[in-house]
Amino acid sequence: MLLRHTPQEITERQALTINPAKTCQPIGAMYAALGIHGCLPHSHGSQGCCAYHRSTLTRHYKEPISASTSSFTEGASVFGGSANMLQAINNIFTVYQPEVIAVHTTCLSETIGDDLPQIKKKALDEGKIPAGKYVISASTPSYAGSHVTGFSNMVTSMAAMAAPTGKKNGKINVIPGWVEPTDMEEIKRLVKLVGVSSILFPDTSGVLNGPLSGEYKMFPEGGTTVAELQATGDSLATLALGDWCSGDAARYLDKTHKVPCQVLDMPFGLKATDRFIDALRTTAGVNVPEEIGLERGQLVDMISDMHQYLYKKKVALAGDPDQLIAITEFLVSLDMCPVHIVTGTPGKKFERRIKELTEGMGYEVNVKAKGDLFLLHQWIKNEPVDLLICNTYGKYIARDEDLPFVRWGFPILDRQGHQYFPTVGYKGGLRLLEKILGVLMDRKDRDDSESKFELVL
Amino acid sequence: MLLRHTPQEITERQALTINPAKTCQPIGAMYAALGIHGCLPHSHGSQGCCAYHRSTLTRHYKEPISASTSSFTEGASVFGGSANMLQAINNIFTVYQPEVIAVHTTCLSETIGDDLPQIKKKALDEGKIPAGKYVISASTPSYAGSHVTGFSNMVTSMAAMAAPTGKKNGKINVIPGWVEPTDMEEIKRLVKLVGVSSILFPDTSGVLNGPLSGEYKMFPEGGTTVAELQATGDSLATLALGDWCSGDAARYLDKTHKVPCQVLDMPFGLKATDRFIDALRTTAGVNVPEEIGLERGQLVDMISDMHQYLYKKKVALAGDPDQLIAITEFLVSLDMCPVHIVTGTPGKKFERRIKELTEGMGYEVNVKAKGDLFLLHQWIKNEPVDLLICNTYGKYIARDEDLPFVRWGFPILDRQGHQYFPTVGYKGGLRLLEKILGVLMDRKDRDDSESKFELVL
Amino acid sequence: MTTAMKKPTGDWQPADIKAELIKKYPAKIARKRAKQIIINEAQENETPEIMANVRTIPGIITMRGCTYAGCKGVIMGPTRDIVNLVHGPIGCSFYAWLTRRNQTDAGPDGDNFMTYCLSTDMQEQDIIFGGEKKLAAAIQEAYDLFHPRSIAVFATCPVGLIGDDIHTVAATMKEKFGDCNVYAFSCEGYKGVSQSAGHHIANNQVFRHIVGENDAEKPGKYKINLLGEYNIGGDGFEIDRIFEKCGITCISTFSGNSTYDQFASAHTVDLNAVMCHRSINYVADMLETKFGIPWIKVNFIGADSTAKSLRKIAQYFDDQALIDRVEEVIEEEMPPVLAARQEVRPRTEGKTAMIFIGGSRAHHYSFLFSEMGMKTISAGHEFAHRDDYEGRRILPHLKVDADSRNIEEIEVNPDPTRYQPRKSAEEIEELQKKGVPFNSYEGLMPDMEQGSIIIDDLNQHEAEKLVEMLKPDLFCAGIKEKYSVQKLGVPMKQLHSYDSGGPYAGFQGAINFYQEIDRLVNSKVWSYMKAPWQENPQLSATYNWE
Amino acid sequence: MTTAMKKPTGDWQPADIKAELIKKYPAKIARKRAKQIIINEAQENETPEIMANVRTIPGIITMRGCTYAGCKGVIMGPTRDIVNLVHGPIGCSFYAWLTRRNQTDAGPDGDNFMTYCLSTDMQEQDIIFGGEKKLAAAIQEAYDLFHPRSIAVFATCPVGLIGDDIHTVAATMKEKFGDCNVYAFSCEGYKGVSQSAGHHIANNQVFRHIVGENDAEKPGKYKINLLGEYNIGGDGFEIDRIFEKCGITCISTFSGNSTYDQFASAHTVDLNAVMCHRSINYVADMLETKFGIPWIKVNFIGADSTAKSLRKIAQYFDDQALIDRVEEVIEEEMPPVLAARQEVRPRTEGKTAMIFIGGSRAHHYSFLFSEMGMKTISAGHEFAHRDDYEGRRILPHLKVDADSRNIEEIEVNPDPTRYQPRKSAEEIEELQKKGVPFNSYEGLMPDMEQGSIIIDDLNQHEAEKLVEMLKPDLFCAGIKEKYSVQKLGVPMKQLHSYDSGGPYAGFQGAINFYQEIDRLVNSKVWSYMKAPWQENPQLSATYNWE
């Protein structure tokens, strides 16, 4: 066994996290910042943080991830990182010439109390920030929240670039949350199809799913431009997809610039996508084109055709709150039974929401925020499941417990496809369904006796 | 073992086909006819043919397949099916009111020598064909060629509807061949993206991948309209994708109406898609947009990223000539080794083409046209492979020989996805690659020792 | 919705429905169909006459298949150790390849040729110059590769037309091999009007070439054959389980999970229990005539029917030990069945179903639905004859038309040495008085509710109309009908192949069926067909100021 | 293309290249980098001085990681039966979770905690009020769950800043448990200038808390430790195979596929063979000082280097039996290696590589490339010190800067009871004469070709420039560099993790490496980057009139 020391008996742990279902804020801030066009994320801490985040993102996307660091030494940690930061800003604009430097803090710089806005002001005063270039920053202490929080904080800093002209631009802000570049592309396609003109931020499509063409661009075509970010203050409304990833930024624009917002679930699965499309429709006052009705109908069609393979199947889930909320609703709508659900991100409201979604399923769901994969594994040992949906780290549980396994979430380090095929929207729902059915049917084909082996499924 | 009687030792068979890699012409004609808007395919034979074709197509598409039959009885078989056909035409136009009836023959009506054009003339004379409605027909004797031939014959009959006005319409005819509805959709997307105005026929998209919406349409929105088919004679040129499925129709338009044609491979994989896009470009005299370059670059990127998992892997293939030619070239381009290849469709030129494509691979490829899965299985027993790519019937070999298995081709009766996710074009190449890598990596994760078990692949 | 108190067709007058169904047809067609669509007014033994087993109308999209399908697909397909070789172009063999879910259990090393698809793949020159040589060569190649106990040859359409003498070829090869029984079926697709003709042809040849080949006495106290059970989704496995539990020895099943030797020994039993009489009653009759084995109708679809059938069998053997054992078994098996029934019933009570399948299955399944409190408001068969609707008693009044006359009726006489009546005329009469129904079966109609609609050879157009008008909670037919019905938002259950489910026979099967139907008629899925913007199209922008 | 006859940098003047690399930098940075970019003009023992092991420049995208990575990730990570508990916010433990491909073989039921990721997941209140209590509780919980032989605690950045006394906590818990050795590493990420500081810190604590804990005499005639081998991709497995074949007993590997007890017994050997001296030479020195065990430099990367290293070890033991056995083994192992080499060489001869990794690996791998006829035209290390470039001999001339001074140097003295020199001064001298190189290693530079370019702490900008200018056939570095290099159309091989390959050490590893590099530098893939319409943009419509 790969996880041979995991006991079935569950003992309460107060201080120890084992096999986490989360990581720290800065990597989320780094990923979000890559969704700004021409932006170099900068990690204000010791160089290991930056190295680790770049490595993890690289393994997930199989794409170059550029980011810089303040490379703290012992001295900087004692006397403060301001000097490092200032030197970094100067070096970055000189050598890499980004449009924007998006700085995030770390547990190190937060603990010593570096004040980024102040450092930025100093940089401005010292003329270290060329005209027309920007430095934005987010406070992302690793010891609070999770990578999701860090993402949200950087997205909020992006929203803080809003510079309303007072004249509405007729657009709708769409904040996709931490989804794949291809998901962001798909969201843009859907928004366009509905006939809504929008500003999507962040937008990593075209940045982290690039081509191989013989040239390397540190700053690819994609990403939300500074001009677009500034224009978010003139938009008609904001749709935030996922409260955990996108809610704060939307509420910021609402509160600060009176851009009314709706906070929706991430559009994974039928119903969440329905609400997203309908919110676009009602917000923009447009009609939904037949083409979208068709995509929706195809998803409903496949659900009805394959229902017998999904009905009452037990599922264990680990991931991030916004994704888990959406997938749980989707699974329930398929008559599947999500029985064990953990996220590493703290927050009681997550547990409440999951309980709501699984109400009336006729069983008590195991759900834990600030849980970990060790606990999920123990739950599975105590109540086995038919399917595990989780990031790549789930593979150790899947192999030990011989479970059908669908990789979904972050990070996915050992399979391809998430870079190129969306799981949001109706088409994404079809893909999720294809994957779920695929592993369940593979298992059936593997385990059926020869008399029961089926040609047609 | 599921195929426990298959011996490793290969003995020559003259008369016996076992576990065919093909079926008969009429089903191909039926599928092609479904790609005409408002068309009811009609099987001129005994009712079993129609029942079997409808069942097989239904299991593959999980969609309703409407088609009618002349329901031959013993009497009809002796005295000829003309009376049945005439009655059928009258009933069909009265009850179902299609735009077109596309009649194909069977071994039965061919053996007794029914003359469809003559019967059609009789129907016209007797006023059984309402004004503005059409009856087209194709001769598809089950005892010649294969389902691919039948498809090609019906497509040629569609081309025969061409009614040139003498005035060119600036369009390019694209004949996609026997691919999935979603492939046809993807081909249309690519053609449009390149900026070419085209007529695609047949076109089963919107016909066989329909939504569930509470209403049943015997004749859905999709399909090539009669007007479009008539206009094919005014087109600038024809691109036939796949000589076996589409070549004849293209050459017909070329010979009969001087619409110049190019016969290309089906656009599966990098190089075949390159040639298709480039042919569109040169034929229409347009420039290829960056967006296509991006999709292409993404495919090349994934190939380069994952090359180590593909390199030198042995593959066994069964399917139809056009598909096999394209996939063979694709696999070779990935540094994979297609070692055993069978199609049930007769034709020496297939074997020649495969030999060309695998030249210089440093091994002698096993290839057979008019081969069968029994032979393929024996080849595999004699030289094991790392991967099997085949239609659903391959699952019996895959389970017995414990082979990673990618379902591709016709029919796919036991998995979902082929209805909705294209495998043509660059995005299709990404999907093929995802599937191939998926099964290879699943196998690796299954078989790796615990010391070698990998988190990152 | 519950229609419990309403008439089966709800607000519709059956007559109006019938009118609706046929109104679109040309007059001639309408007249014909009118005779095949019956408003059920069955009174006691007075059932209305229905037109059945007649030609399909050209151009009208039918559910029916052909004679080959009935012979090779249905009857011979399920026998594992007979190599089935189809003589004809490739298609017919391909389409019958593993597509029927008739399961078999050959054990780890028994012969099993069901995963193989053999064909002579006739080419143009074979059509022109004849295919006999190729057939002989193919038989030889099959024999050399597999050395099977038996090879069955099936003719597809062109074979009859070009006059290949497949029977002579078969006989010659049988002769040549010595250790392999080879025979052929002239089951060309154009024969008859439906699969039914194929069943008959298969029955004839099995009886002629296999039955009686093995006189060896098989162990067992209560020996029977089960006729007309095809082990779809494992039905036969469940029935075998029950038989074993009761101590009844099933020597031969025609033809689910069967072997050559089972057929060969079929004449050694003391009773034939006939399940799907439509497809197999010929064999039952011939076994009686030639060997003196009586037959009774049974039905293992539905727990109650299963209990009833077991009791009949026990009664037949007239042995208290068996009668008691059967009662014990029923007592043991029923509680979980009743529990499952109770569990689903609150959700299935009063729901409506339509069933259009086979030749007697629609009838069988209507019992299973009533066990769940579901009403079958319309039903019919695909290839039934009048007696399947009205009851065997009307057989004498049946006129045989040209199409049926073309199907061989073989002349059978008592076997000079082996004929031996299992029961004396007196015993038979005795038992009949006790209610053992020899040589008889009821039709579908008497068991259907007043005012329900019986339709023979239902077609696409009528099916669509029926569903639109009566909106049943469930529609049952075959794969070809599945998705057009579901597009209308009505769940569709395949009762030929069971979709991917089963077994549904016997006690365990009933439980499976209750749960499967519960899943279908109560699935959330059918509530997703309309998008929110279709349900509330008004465009009032609403924001939650979170 | 072959650059065999050309100078390593082709048409470029090395000086111009250097100028290109630094021209974009601000003056101050350019001056600093100029000292870290050296045109190799090494003559005999005269090597140019390189600036190394100095601070990374803030804002300049570096390949380097931190001290924690060097301590927890590199040195302690590979030890399977020590529970590693990271004290800090969640991230640092998460990122070091199974990401290094250091394989281990615990057998079916041995302890293996490498698949587990433990953290105190410090929260805001822990930062404010201190985390010692939480750490103690976490150690207790880990102990209660796993009852391991040993628990190692690692500090991440904030821990040092808020002043948690992890060593006291560890000592207390060790005391409390009795049967579990608990100790801590103050390896905060901000210490030192690279991973290198982490190696040193790890060395210190392992030596202080584990080495010498087990005096039990282990069987074996020729007992050694292998220092600085981390079993990436199974390298260690291959080296163990070779040792066993030679009859050499490897008591302890630091730290690939290692266990607590191996470290505890490390002082019982007669020789330390040092592979990656950069990461482990501290332990080697301390073992010599305290226990009298000499050490020599070895290298098992490359078949020739492997043979050479085996011979050195045999020579050290000065025993003909071992010397002969080693020769036998080499004779047996080399033919397949040479065959594989010959097979690929026609395709690899003259191809060029760049290597920028680790602290001595770039040096090691340059040998392997030359076995394939490939030229390393530019190389450098990520966390090396001057001696790794110039050779150990320059150590005395090294000035220790502030950052290094902050890393504890522990005072070690001969063990009162256990110090016992394995060789007398005379024997050492004898052997040294015979060429056994005690306490010394060469640097990278002397082994590099004239005019090749040595770069310490290469960064993203310079890497890109280098590749654009010199278009190597292969670039070797780590995961962060992989895809930016490949975007330029140059295959990139990870030589930290080996991508998904390995082992590359020893004889079998050399074969694997030849084949892998052949695959990379000869893959068709790199020819697909341009589309046909980019290669022939002209728009001439051509039809084949088929």
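Just so it is clear, A, B, C and D label the chains in written order, and each chain counts residues from 1 on its own.
Here is the rule we go by: a residue touches a chain if its C-beta (ideal position, glycine included) is under 8 Å from a C-beta of that chain, and two chains touch if they have at least 3 such contacts.
Please read these numbers as outputs of a predicted model, since none were measured by experiment.
Engineer: What are the mutual neighbours of chain A and chain D in this structure?
Structural biologist: B
Engineer: Please compute the C-alpha centroid of chain A, do the same for chain B, then give the distance between them in whole Å.
Structural biologist: Each chain's C-alpha centroid was found; their separation is 39 Å.
Engineer: From the C-alpha centre of chain B to that of chain D, how far is it in Å?
Structural biologist: Their C-alpha centroids are separated by 54 Å.
Engineer: Please compute the C-alpha centroid of chain B, do the same for chain C, then give the distance between them in whole Å.
Structural biologist: Between these chains, centre-to-centre, one finds 34 Å.
Engineer: Scan chain B for residues touching two or more other chains and write them down.
Structural biologist: 2, 59, 62, 210, 212-213, 293, 296-297, 300, 303-305, 393, 396, 450, 454-457, in rising order.
Engineer: Would you give the residues of chain C that are in contact with at least 2 other chains, written as numbers and ranges?
Structural biologist: Answer for chain C, listing residues that touch two or more other chains: 97-99, 483, 486, 528-529.
Engineer: Classify the chain contact graph as line, ring, star, complete or other.
Structural biologist: other
Engineer: Please give the residue numbers of chain C that touch chain B in the complex, ascending.
Structural biologist: 24-26, 29, 55-69, 85, 88-99, 109, 111-113, 115-124, 126-127, 134-135, 137-138, 140-142, 144-146, 156-158, 160-162, 188-194, 402-403, 406, 460-461, 464, 478-480, 482-489, 528-530
Engineer: Chain A touches which residues of chain C in the complex?
Structural biologist: These residues of chain C touch chain A: 97-99, 101, 103-106, 234, 237, 483, 486, 491, 497, 499-501, 516, 519, 523-526, 528-529, 531-534, 539-546.
Engineer: Spell out the part of chain B that touches chain C in their complex, as residue ranges.
Structural biologist: Chain B reaches chain C through residues 2-5, 7, 11, 13-20, 22-27, 42, 45-49, 51-56, 58-59, 62-77, 84-85, 87-92, 94-96, 106-108, 111-112, 141-144, 146, 210, 212-218, 344, 374, 393, 396.
Engineer: Touching residues of chain A toward chain B in the complex: what are they?
Structural biologist: Listed in rising order, the residues of chain A that touch chain B are 1-2, 59, 62, 206, 209-213, 293-294, 296-298, 300-306, 392-393, 395-396, 399, 413-417, 419-421, 427, 430-431, 433-434, 437-438, 441-442, 445-446, 450, 453-457.
Engineer: Show which residues of chain B lie in contact with chain D when the two form their complex.
Structural biologist: Touch residues, chain B against chain D: 237, 247, 251, 254, 260-263, 270, 274-275, 277-278, 281-283, 285, 287-288, 293, 296-297, 300, 303-305, 307-309, 311, 333, 335, 450-452, 454-457.
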